[in-house]
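Just so it is clear, A, B, C, D, E and F label the chains in written order, and each chain counts residues from 1 on its own.
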Amino acid sequence: MPIVQIHLIEGRTAEQKRALVRKVTDAVCNSVSCPPEAVHIILSDMKRENYAEAGIPYNDKK
Amino acid sequence: MPIVQIHLIEGRTAEQKRALVRKVTDAVCNSVSCPPEAVHIILSDMKRENYAEAGIPYNDKK
Amino acid sequence: MPIVQIHLIEGRTAEQKRALVRKVTDAVCNSVSCPPEAVHIILSDMKRENYAEAGIPYNDKK
Amino acid sequence: MPIVQIHLIEGRTAEQKRALVRKVTDAVCNSVSCPPEAVHIILSDMKRENYAEAGIPYNDKK
Amino acid sequence: MPIVQIHLIEGRTAEQKRALVRKVTDAVCNSVSCPPEAVHIILSDMKRENYAEAGIPYNDKK
Amino acid sequence: MPIVQIHLIEGRTAEQKRALVRKVTDAVCNSVSCPPEAVHIILSDMKRENYAEAGIPYNDKK
């Protein structure tokens, strides 16, 4: 029943997402002793103008 | 003031969403005794590659 | 796979929560055609000082 | 380390979002005494059919 | 209808939270042109063992 | 900048949480190529009456 939500800057490939959910599921199961079927993961893609640190949108950085 | 967020796999019609928010609002009001105006609902559509169970993205499921 | 999170002011009884998750699950299943087993619900109790409308904490409201 | 998520009806310009994250970061830092670098903000755009009050989708209002 | 959630390390006083929700509401209204009544804020207190950066819980830092 | 939130049934020890955030951080960094410092994790403990599957609270199961 662990429910995981991960906010990421958009642009990850389907292959990266596939690796991400597999590895995070393993990490959760190994740490809190639950079967993989119990782990639910939501990935949320953020546009670069929709994430900010220190008051500055990500697409204004650098 | 109940605030409800529902993550759904994308592809629901506007008509399904209209029924969903109406019925969930009724369910909340009947259960915890609040007026409908107090219920706020956010629907979040998930792409099939963005939801996983057991470490497998939804679009890889058979 | 619908995942529902509901933020509520604290103080609901276990009986009210039991009714709430049952009725919301029914509402979701009837609206988007999924089996009850697919519906996951997280309830989040909010302390009255932790919810605000119009810039005013709930416990300051008359 | 404050982490802020703001759900907004879609349609805000990049300029409005830039002002929003700057002003919210200032508001957080002034209130809880943290450096701006510690404040992380996620903006989530909602389609008008994906937000409801009183059981009615926002795009059906008025 | 902006809905704001702020995760904070626990320990803020009621007075700090009162200032926080007032100032964040002002910041939102000034940036996206909405009345204060439309702004809903959820504060979520995090225990120090429940927040991590760089893989290290906050209560292990320093 | 990945931001991860994990909802767990309450009762995990500080040691389990320490392992969890370390392993999840590694899993994220390995999958989407980011430094550990960029990964922020929020753990949210759920009381057993506050999580439900199939319309049944977790503390009523079994």
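What we mean here is this: a contact is a pair of C-beta atoms (placed from the backbone, for glycine too) under 8 Å apart; a residue touches a chain by one contact, two chains touch by 3 or more.
Note that the structure is a prediction, hence the values are computed from the model and not measured.
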item: Connected chain clusters in the absence of subunit E; value: one piece
item: Each chain counted as touching subunit E and subunit F at once; value: C, D
item: Interface residue identity across copies subunit C, subunit E - same or different by half; value: different
item: Cα-centroid distance, subunit B relative to subunit E, in whole angstrom; value: 24
item: Distance between the centres, which are taken as Cα means, of subunit D and subunit B, whole angstrom; value: 20
item: Intercentroid distance (Cα basis), subunit F paired with subunit A, Å; value: 12
item: Shared interface positions of subunit C, touching two or more other chains; value: 1, 3, 7, 24, 26, 40, 42, 44, 51, 53
item: Chain-chain contacts as defined at top; value: A-B, A-C, A-D, A-F, B-C, B-D, B-E, C-E, C-F, D-E, D-F, E-F
item: Partner subunit F, residues of subunit C touching it in the complex; value: 14, 17-18, 21-22, 24-26, 36-37, 39-45
item: Complex contact set, residues of subunit A against subunit C; value: 1, 3, 40, 42
item: Contacting residues of subunit D [partner subunit E, same complex]; value: 1-9, 12, 16, 19-20, 23-24, 26-28, 30-32, 51, 53, 58
item: Parts of subunit C lying in touch with subunit E, wherever the complex brings them together; value: 7, 44, 46-47, 49-57, 59-60
